[in-house]
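Notes follow once the structure below has been shown.
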Amino acid sequence: MLQLVTFSILNGLLYGMLLFLLASGLTLIFSMMGVLNIAHASFYMLGAYFGFQIAKEIGFWPALLIAPLAVGLIGALIERYGLRRVHAYGHVAELLFTFGLAFIIEELVQMIWGRVPVDYRIPAGLNTTAFTLFNTSYPTFRVFILLIAVAVFGLLMLLVTKTRVGLIVRAALTQPRMVGMLGHDVPRIFMLVFGLGCALAGLAGVIAGPVFVTQPSMAGVFGPILFVVIVVGGLGSLAGALIASLLIGLVQTFAVALNVSIGTVMGAVGISSPPLLLDELWPVTIAQIAPVVPYLLMVLLLIFRPTGLLGRRM
Amino acid sequence: MINTRMLVLAVAGAIACGSSVQAEDTFRIGLIDPLSGPAATTGEVGLKTWQFLAGEVNASGGLNGQKLEVVGYDNKMNPQETAIQAQKAIDSGVRLLVRANGSAPGVALNDFLNKFNERNPTKQTLYFDYAGADPAATNEKCSYWQIRWAANIDMKVLALASFLKGQADTKKLYLFNGDYSTGQGIQKAMRTNMAEKRPDVQIVGDELVPLMKVNDFAPYVEKIKASGADTVVTGAWGQDLALLLKAAGEAGLRVKWYTFFAQGIGSPTAVRQSGLPSHTVFQIYEAHANLPSVAYREEEKNFRAVVGAGQTMMYPGSVNAMDMFSKAARDLKTLDVAKIVASLEGAKFKPRAGGDGWIRAEDHQVFQPLYVASIGPIEKDKGFDEENTGWGWRQIGEVKPEDTLVPTTCQMKRPQ
Amino acid sequence: MTAHSLLSAGSLGPARWVNSLVANAGFALAWAAAAMLLVVLPLIFKSDSAIAVMCIIGVSVVFALSYNMLLGQAGLLSFGHAIFFGLGGFCAIHVMNAVAASHAPVPLVLIPLVGGLGGLFFGIVFGSLASKRGGTIFAMISFGLGELVSSAAPILNRFFGGETGITTDRSALYAPFGMNFGPQIQVYYLIAGWCFISSLAMYFVTRTPFGQIMRAVRENPERLEFIGCSTRRVRFVAFILAAFFAGVAGALAAINFEIMTVSNVGGNQSAMVVLMTYIGGIGYFVGPVIGAVLITLMQILLSDITAGWQMYLGILFVVVVMYAPGGIAALFGPEGMAAQAWHSPRQFVLVMPMLLTVVGGMLLIELGYQVGLKSSDGPIRVLFGIAVNSRSPLPWLVGLALVIGSFCGLRFATAPADRMPAVLRELTGVPHG
Amino acid sequence: MAETSTAAALRLDDLHKSFGRTDIIRGVTLEVKQGERHAIIGPNGAGKSTIFNLISGRMAPTRGQILLDEKRIDGLSPFEVSRLGLSRSFQITNVFPKLSVFENIRCAVLCAEGQAFSLWRNLNGVRAINERCGHVLESIGLADRRETLAESLSYAEMRALELGLTIAGNAHVILLDEPMAGMSRTEGERALELIRKISAGRTLLLVEHDMAVVFEIADRISVLVYGEIVATGTPAEIRANAAVQEAYLGQAAHHNGARP
């Protein structure tokens, strides 16, 4: 049991940090530009594929650097030549633009790399076991991912709190118009932030690719959960995004570990007999509905506290 | 009105594309499977397989002077799309449909043909399910116009159970399946069959995971580990199977994996990547590349020569289907599918894979030997490997068709 | 979301309002013409598959129009509209089976109403949650609800029939005058009839006081509150109306296919209706109709011709969002590019380079698929009747030349900006005067 | 001078509003009589707009009561307040940009008439409504612009439309938030006339920086300084009031500086 708990925590943290790598960029973009970038997970996928290709040609370590930059560049270009012109038509149009973008990127990836998962392996150097607890080995690469994610979080916080850019960004979070008034080239900032966000997603892709499966559907698998994260965390709050990511990471892993059925849970809260038509839900175990839980959380939160846990605006 | 103008143009276009002209001397076979989207990988192999088989028939002079042509129709894995594509195919003269992927489209097609053939007696159409696994298609949802050439999942589970009977080292069993009809079917059938064949085996875990929704299987692997299982039986496929094995490899989980879909595209690669030791992943299937049967290995060789060295002939059902269809057509000297299906009811045959096979008349389910194989390193030209991984299947057991006999609830409506 | 941010959600500006008043006499005529067309279409296109295609189009039209009540009229961007399409359809199919079993004298013709009521019911349930807020929050709630339902559906086997879904036999119902709806053509007329009635009903909604208020809540919800109208209630009513007609569409689908599966409540279905509606044009009533026809045909027919039909769909969508936010309808509308092009040769000339750009783009895409995804089929691909070798650089160069050349051509040809219709100006990136 | 009865149309009773720790409104008690034109003046940041937001339901007071015709309205949502006959205009023009002038007004009328949710009558068929919209357009002098998109109106016209939206309903108490803001002299003249016209027979509560206007139009004036009313009285009394002189003129320099 203790073993289960320990490793659930470890895996929950890992999954959470990966989520955060994506969510941080997404929430930055959203709160600055008011754009809910539906294609964000697609950039994560691009990162994974670029990582795979570059790792194959040159090696994993260069890939770790180049792939995110490339993705970031693409993101910036898309912002400059696509999103910016749509901006004039308002947020709905921007939302729909990224929505279509996700479509295209998925097709492009299939066009280039095919529909079969690509053979993106953990680099030999990191394909070892970091430590062994209760005769269960924990892979080094997962530790490595954790470290990277933590490092990025640190850097991001430094960037936002210590640097001038960060100052402007934070100002733009709350007072987008005012920042423009103050003579900052807001469009350019937007472009940079968008690029940065995409680069972060790309980085997540590069390191997650070998652990998960690198295939065209990987964006679709990750995408929806991201919105849950930034909504739960509160749109525009980095700390919130972090908390939400970890929360959801842990919730999901522990929901899996539980062998409790809805019936027993409901029984615990006093609803012993299932309501009409829902009785087939009763035997369902929490583990079964684990991936559904976040959406429930999201909807409830949106209804009762749309600012999220640590949200500022909206 | 713009919409009217558009509608005319649109439908005109529809007709232009929809009803393409067909040459007199070709018999067209319509393959209805996902040819776009993530599921397309399997659909495309299916299409290549049938085109390959049609090519063989044509090389041997075609059927009754007619050449075979296989045309693909993209149903996007969607039952409703399946119906419309079938309609399109039949309109363009197709009288034999083939399909494999997804149980919803399968049931939909049975349903569609039951009604269509009744409503349009002049256009009666036959349908071969060449790899479907959902029992429903030959039970409550069965159709006279369908023949299923692959063993359904109940049969495979039964076969696996009778195989495990001989596996003394299986003591603690963990069931790990997708939370959908097939997965639940495996779960149920495994429990009943094991209770009957191996009451001593203890089922230490029983998981139903949502399909294609889980990103990280590590937590599940921890759970399996904690349960102390020595054998896992899983109906997971594609992405889920890949992620599951990967997580298991990482966490150093050492158990025997008995799978039903490990021959699926990408799965051998996933096994290879997972870092699991060789010959710990097993599959039970109608065939594998390294069967004893010379005839089958020959066919496998030709197939790979055409489609590519890495791609195994993953639809043995289609081979039997094509063999039996052309045999019937030649014997009856006709391509009237109504006559052919009538003659195929209850027919016996010798699968190229070896052993005996027959088409059960009650539900049009084909019975044939099933093979248990494990995957591991294959020396060059000592056999075929899978997806150029250097690993290939090695047979470790065969299950006679008699041991896969499951009853059917099919009440078949035969045309008068 | 601010009122400004909703400008893209189209509008019935005064110019068009006047038109519609002027057209008021003519509009009855137009509807009559549409009805006539629906009647004669199957006499023109007799083939079964053509009729089947038209049936599906009919379903999509109702679905898309219902969606535009939310997006175009009330400015509510929903990512979960398929919930009501699906649930309506499931209600319908269950009732159909019940009726067939009990031999109750309920004709099939009334089943769409059942679907509508089903949609309405669930619309009330979910709408009471979703209508709390507008703008992005609404979009997200709708998305969340959609994900909830679509991920809960596979667990609720009794209602959703698990993976294989629920099937039915429409001809098993009580059939007055021997109309048992076995033959597709009878189904066509059922769908056509309901499509016409629903469209008319939805058109009238846009012309009622509530239609006016919907446009107001789209423009400036806050102000509406201060002139004494509960925006939440407006959103709610709009939501359940849309849900009702989505339910009707779902029921029509159930009748047409005689099967409903969980995929009908899924995200893909929700996404498709967004694409249809927006590509067609949310600012015009006929917009969604155009979109539904176009996208449905792309789905059914394009997939035979090219592996990349989804790519084309995505690109078409993005192009519309970027260059023609009014949708295709706007191109043909009063101030539309195409509209001008018809009677101004100068601009008709411009249509040529656009077509060339499209051709070049298609060439490149198909080549891409040939060398990438389809590489196992060999390098040769027949395009526009010409066998092209995707390995040789020539076709690539041709494609690039076409795209770049004609696009630049456009940019030059279209100055000065002031003499150009807005859409074309957008299309060619010439800054506004 | 409009005739003034003694019954209070609007009464604020020890009204408080604080954001976090900062108190913006600190116990305002104010009575606006039936049919009087009452102006609230005061230096920037005194809390004039906050008071409007509290009355019109945009915000809920932290403490205290708001009574409209002796009925409590504090805490109600804007549309409920508006239904009870109190309507406001906005300092920053706040109309329906993509709707025509006529449609703008019609929305207000429909809401007031409780027709907003009617789904069974033709929009253009409701003669009563359309006539009423016509009258409103006449009274705000936009009759000839009825089909113009609101967003393409001139600034002054937009302000007029803003007023039109405010009075189109059945409101008998109207709150005008700086109706003159940003207007030229001549525009101001016309606006003043308009305000006179539309406030006839209604109770008017006005916030305005242009003192000339305030002292010309208001029957009574209340001076708000740092969330408190320091004085209420006729223009004459206010002129004479020492406290006001001190509190207000002291601010004048800064205040003028702050004018756009």
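Read from first to last, the chains carry the letters A, B, C and D; within each, the first residue is number 1.
We take it that contacts are C-beta pairs under 8 Å (C-beta built on N, C-alpha and C of every residue); 3 or more make two chains touch, one makes a residue touch a chain.
Please read all numbers here as calculations on a predicted model, not as lab measurements.
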Chain pair with more C-beta contacts, B-C versus C-D: B-C
Chain closest to the middle [Cα centroid of all protein chains]: C
Geometric centre distance via CA averages, chain D-chain C, whole Å: 44
Centre-of-Cα separation between chain D and chain B, whole angstrom: 74
Distance between the centres, which are taken as Cα means, of chain C and chain B, whole angstrom: 35
Chain A and chain C, separation of their C-alpha mean positions in angstrom: 30
Junction residues of chain B, two or more chains touched: 40, 179, 210, 213
Where chain A touches two or more other chains, by residue: 114-115, 288-289, 291-292
Junction residues of chain D, two or more chains touched: none
Chains touching one another, given as label pairs in label order: A-B, A-C, B-C, C-D
Sites on chain C touched by chain D in the complex: 3-4, 7, 11, 13-15, 17-18, 21, 24, 204-205, 207-213, 215-216, 219-220, 222-231, 233-234, 237
Chain C-touching residues of chain A, taken from the complex the two chains share: 34, 36, 82, 85-86, 89-93, 95-97, 99-101, 103-104, 106-108, 110-115, 224, 227-228, 231, 277-278, 280-281, 284, 288-289, 291-292, 295-296, 298-299, 302-303, 306, 314
Chain B-touching residues of chain A, taken from the complex the two chains share: 1, 3-4, 7-8, 11-12, 14-15, 114-117, 119, 121, 127, 129, 136-139, 141-142, 211-213, 215-217, 221-222, 225, 252-254, 256-257, 285, 287-292
Interface residues, chain C side, partner chain B - complex: 30, 33-34, 37, 41, 44-45, 47-50, 52-54, 56-57, 151, 154-155, 162-165, 167, 169, 171, 182-184, 253, 257-259, 261, 263-264, 286, 289-290, 293-294, 297, 299-301, 303-305, 307, 309-310, 329, 332, 376
Interfacial residue positions of chain B with respect to chain A in the complex: 38, 40-41, 179, 207-210, 212-216, 218-220, 222-223, 225-226, 239, 242-243, 246, 250-252, 265-266, 269-270, 272-273, 275
